[in-house]
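Chains here go by letter, A, B, C, D and E, matching the order in which they are written, and residues are numbered from 1 within each.
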Amino acid sequence: SELRVAVAANFLGTLNQLAPLYEAHSGQTLLISSGSTGRHYAQIRNGAPFDVFLSADVERPQLLVDEGLALADSRFTYARGVLVLWSDQQDLPLQGGEFLHSESLQHLALVNPRTAPYGAAGVEVMQQLGAYERLQAGHIAQAENLTQAMQYITSGTAQAGFLALSQVIETDGSIRGNTWLPDVDSYASLEQQAVVLSASPQLEAGQAFLYWLKSDQARAVIEAAGYGF
Amino acid sequence: MDLSSADVMALWITLKLALISTLALLLLCAPLAWWLAHTACRAKVLVEALVALPLVLPPTVMGFYLLVLLGPRGVVGGFLESVGIGHLAFSFTGLVIGSMLFSLPFVVQPLQNAFATAGGRVLEVAATLKASPFDRFVSIVLPLSRRGFLTAAVLSFAHSLGEFGMILMIGGNIPGRTQVASIAIYDHVEAMDYAAAHQLSIILVGASFILLLLVFALNRRFKVVSVV
Amino acid sequence: MSLAMSFQVNRAEFQLQVSLELPDQGVTALFGRSGSGKTTLLRCIAGLEQLPGGSLSFQGQVWQSADEFVPVHLRPIGYVFQEASLFPHLTIEQNLHYGFKRIRAAERRIGFDEVVELLSLQDYLTRYPDQLSGGQRQRVSIGRALLTSPRLLLMDEPMASLDATSKQEILPYLERLTEELQLPIIYVSHAVDEVMRLADYMVLLDQGQVQAQGPLQALLTDHQLPFARSEQAASLLKAQLVDTDAGDGLAGLQLEQQPLLISQTHLSPGRLSPITLGATVKVTIMARDVVLARQLPEAISLLNALLVRVVALDTDLDKSQVLVHLQLGEQALMARISKRSAGLLQLQPGQQVYALIKGVAVNS
Amino acid sequence: MSLAMSFQVNRAEFQLQVSLELPDQGVTALFGRSGSGKTTLLRCIAGLEQLPGGSLSFQGQVWQSADEFVPVHLRPIGYVFQEASLFPHLTIEQNLHYGFKRIRAAERRIGFDEVVELLSLQDYLTRYPDQLSGGQRQRVSIGRALLTSPRLLLMDEPMASLDATSKQEILPYLERLTEELQLPIIYVSHAVDEVMRLADYMVLLDQGQVQAQGPLQALLTDHQLPFARSEQAASLLKAQLVDTDAGDGLAGLQLEQQPLLISQTHLSPGRLSPITLGATVKVTIMARDVVLARQLPEAISLLNALLVRVVALDTDLDKSQVLVHLQLGEQALMARISKRSAGLLQLQPGQQVYALIKGVAVNS
Amino acid sequence: MDLSSADVMALWITLKLALISTLALLLLCAPLAWWLAHTACRAKVLVEALVALPLVLPPTVMGFYLLVLLGPRGVVGGFLESVGIGHLAFSFTGLVIGSMLFSLPFVVQPLQNAFATAGGRVLEVAATLKASPFDRFVSIVLPLSRRGFLTAAVLSFAHSLGEFGMILMIGGNIPGRTQVASIAIYDHVEAMDYAAAHQLSIILVGASFILLLLVFALNRRFKVVSVV
């Protein structure tokens, strides 16, 4: 039997690592549909055939619960994102956000703060550093998701950008490129929550998967992928 | 090359979707295009403008509206559900409908242009040679409109291959059911599996290129005709 | 008479208003100046102009009336358009086949190979229309129409771009078709010689109105009409064949009890079987080919001399010429001579004179 | 002689191989059966077929040679295509203006209104081509070509779909153009009467080869060629005008010291100024209009009698006819008579006979 | 209606982008389409197939490859940077290039079809009437190809309005510079601000509809011509 999982794009890579483990554990395969959280939310409201939703934020799962589309008691934080300021150019002074004040900063990659929590977090950090005002006027390249933000940087078009730690961490735990990790308390928590959807014909299986996500086996993988809890 | 089975499946769904929606569009739009090419009705202008509209909205947004319409709470989806057929969102049928709607202008306009020039005297001649209206359409209009059909088919087919915003929205990116190659590529990119993304892109582009080459080469072998 | 029609077409600056009953056999010539409505009328008959108020019936079948309209493709017509209008995407063979294969085999009265040979199209069958000359295209379009084995053939200047030799090959074939297959033809042409040769009946159109209609013979000699007054004026007479070989390649006819010699080659060009003795032969004598004499001249190369009576003289043709209307038994003959000669001969109505006709000037 | 050309065109089943020097004045008729290459040759002259190995020069200017090719739009030609080919998106007025406005005003030798009036196009100026009849379209296409005031006019069967009256209006105008504007015309036509009337020079094409060329007069009487042998055979003679009014609407000519009366109306149709006394007049006499007699008949409506000498008899035309070649002073005349008459008259080369010609049969 | 100033700006940029890229495409593709319509060259088939390819890949993926190409590290962008022009990513010029590339098939194919039928005899006639090749193109081919140009313009314009996947990638969605209306609508949907999404969609669709209506109505007033 298959469990149909809608997952936020930023967690897709991690979930792909988890899937075989869970299959070995439960004998159940995961049918993974990745995408933006906003889109998944709209689709679930319109009858999308998913059992479980791994959102990129807290808001959408909460809304689904409020609308009776998700089981209230299934909602929990499966991962907490970590924001990084990142560049593939080693010589940029990223530490302490110094580069954000630099005149040589042309374009800074950022996910759309209106739709993505990482974007909002990045804005918070910039505001605290007093750099947002200046950068907002034409220096911020807004991506629709984290992958695009990273592509802006790797193509060399944006010199640096705010990304998720999960994007730049290697399998051995080392961090690629030039990174600055802002203090996790300097921005609103990047909690990512999961819910079981009420329309699912296999509620127990969904709950079992979410329960497994809290296991040490799963948490080790999630942590290695650059998330906290 | 070691394509994952999901990728192979995605390629297959893509091909099926592009073929079915292109064929269905050609069949459905031919009468519409013929009417547009020959009517003197004033409403024609309205229809012409309407046909082009699906292009104006971003695919995902169009997809969103379609989703609302075809989903279980939508007017269409709700009705279909109530008569026991089931709503159309997240189904292959829904994909086909979305894809067709979106490629509508690419089919109607070239056909309309072709029909507008393929008419005239030769049709009258054919009538005097005992060809019924349908026979005339098949034996005269179709061959003389070959290039129009070719353009319509190529644009619609290629667009169905590449379009994913709308398909993602009403299809739901369900592997094996509604996950098409373009979404699979997108997913690989999202998962930063660039190798898989490049590989699938190359296959999609390569296969399309060969297909297009064949189609155009075949077309070359026909007589180029202008109605003198 | 059973091709009855009545049509009214209103265009910007042109009205066609026609009510006609035409014979449903033989060739009817549609004659008239450029823009007089010939093509428009043919289109109405074919059903290509669907206009209210018209009516049309052919051999008792209603093709158009207040509440009926047989669509073009169900009318058993063949239409040779004024422009060849071949199908550009089909080879010549396919063009010819187009109508042919849409006819049930049992209804085919005209054979494919026969038409191809007659129109000398053998060499072009695999070509496309844009690889043919103007005249070749026109021949294909004639063949294409014939191959539907129509029961009524409409031809709009079908020979306009053909040379004399081609015409000489095709015209006799058309004559044969009308006779052997009882195929009536409505034939638009500007060439008087073609019309005289082919037509039995004539309709004269002028600015969308029928100016005159009737048997060709009557119209050609009617001095109200432009034909008799033109340089092409001709008389059409009927004679009996009495001698198929009168020596020197001549054949003997009897025209109103008087002998008339014509060339044997003129007797039956293109006909399958030679005309039999005693048959009626149509003879065209151009007015300008008739010489009048008060007495029979000798040692002159004018083979035929017919005794005729002067009926009237038309003197207002031209400053220098007169048209002399003559009576030959029951039939009418015209002579176009100079005013000077008329004066010298002191021609008067009632007078008996000899009409001298060159043997070679007789057309059948 | 200064329209010199040499072309070679190779098509699937057709080769055109032509090397010609044509006069750069007057009308040159291009004659030949359907498919003989007339249109192809015109296209080569116009520059529409750009093929290696050809050469063309007009009045000393090279239009095509091994290393030069003047493109079509820079050649001062007018081209009337075999099909009218009007611009479908332009009104008749715009069609006519198309070439006209692309010519500098100083170079315009033919006026807009003049052409419109002559071709009777006033009523159609605001219409579109698909609202005209076939003949009307053809007239527009003639006008459109004329309005570029060309220095060489190429016409491909320009009158094919025109009625006799329209032709009678347009032909004299063309004659006038050749004369007054020194505009040479190359004229393709199947109508022998048109050619005889207009042309000074003739080229006969057969299967892409020049079968004969020369002054019209010489070709028409050359008994190697099909003209002399056809029913349309005619002789072209030169005579002097000696009396503009000989009474009865006649004018008197002097032809090789013998008098010849013709109708005044034939003398100068369409010409701006009447021909002056003593001028040379071109006279066409059809062979079938010549009657031969051993002695002068009396009281007969044959106005002209010319004393001629029999040169030769052509007997292999036809079973019943002979063509008699006659000598009239320095010029040649032909008579087409029946074999029977030739026998009765006992015609022999060297013999003197009278050639009787109807006054009305003289064309100038 | 209370559109945010960002939305107004986005609409304005969208309009500018669609107009400029459509015009530029028509100008650039006319010669290409003419060549394709008339050449007997065998490479033609290759070019025809290539022209259709931009449609085959998902727009975001195409956009990614283009970004890599036009960015400062790409072959094209790097070269332009080195000669002092500056790379093209994240600039309006880059948007125009991307948009043009993506609408290429919508312009080339209808024009090619129109040119293929608008040629022939009338062009020869025009040459004998003293029209130079360029003059012939302007006075004969263009008017006879009107419908082809209309189709090309409508498809390209509408597609430029709606497409956003590629534009996002190479434009960087910089408000006031490269943020177009389609991205703005998408953002509203993602942000669940459906009211704003509807409003902007209605404006975009409504304005486009009126524009299309005008264009088609104007077209109706021309004479419908088929080369007889």
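One rule holds in what follows: a residue touches a chain if its C-beta (ideal position, glycine included) is under 8 Å from a C-beta of that chain, and two chains touch if they have at least 3 such contacts.
For each chain, UniProt lists the protein as follows: B, E = Molybdenum transport system permease; C, D = Molybdenum ABC transporter ATP-binding protein.
Quick caveat, the model's predicted, so the values are computed rather than measured.
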Chain-touch separation of subunit C and subunit E, in steps, is 2
Chains touching subunit A and subunit C alike, please list them.
B
Starting at subunit A, how many touching-chain steps does it take at least to reach subunit D?
2
With chain centres set to the mean of the C-alpha atoms, which chain is at the far end from subunit C?
A
Where centres are the averaged C-alpha coordinates, which chain has the largest centre distance to subunit B?
D
How many angstrom between the C-alpha centroids of subunit E and subunit A?
35
Could you please state the distance in Å, as a whole number, between where the Cα atoms of subunit B are centred and where those of subunit E are centred?
19
Can you compute the centre-to-centre distance for subunit D and subunit E, using the mean CA position of each chain? Integer Å is fine.
57
Can you list the subunit A residues in contact with two or more other chains?
39, 42, 151
Can you tell me which residues of subunit C touch two or more of the remaining chains?
83
For subunit B, residues contacting two or more additional chains
60, 64, 121, 189, 226-228
Can you give me every chain pair that touches, using the contact definition above?
A-B, A-E, B-C, B-E, C-D, D-E
Subunit B partner, complex, touching residues on subunit E are 44-46, 48-50, 52-53, 55-62, 64, 105-106, 109-110, 112-114, 116-117, 119-121, 147-148, 151, 154-155, 158-159, 161-165, 182-183, 185-186, 189, 197, 201, 204-205, 208-209, 212-213, 215-217, 220, 224, 226-228
Which residues of subunit C touch subunit B in the complex?
46-48, 71-73, 77-79, 81, 83, 85, 87-89, 98-99, 102-103, 128-130, 144-145, 148
Enumerate the contact residues on subunit E facing subunit D in the complex.
121-122, 124-133, 135-136, 139-140, 143-144, 223, 225-228
Where on subunit E is subunit A touching in the complex?
60, 64, 67-68, 71-74, 87, 89-90, 168-169, 172-177, 179, 183, 186-187, 189-192
Residues of subunit A touching subunit E in the complex:
36, 38-39, 41-42, 107, 112, 114-115, 138, 140-144, 148, 151-152, 155-158
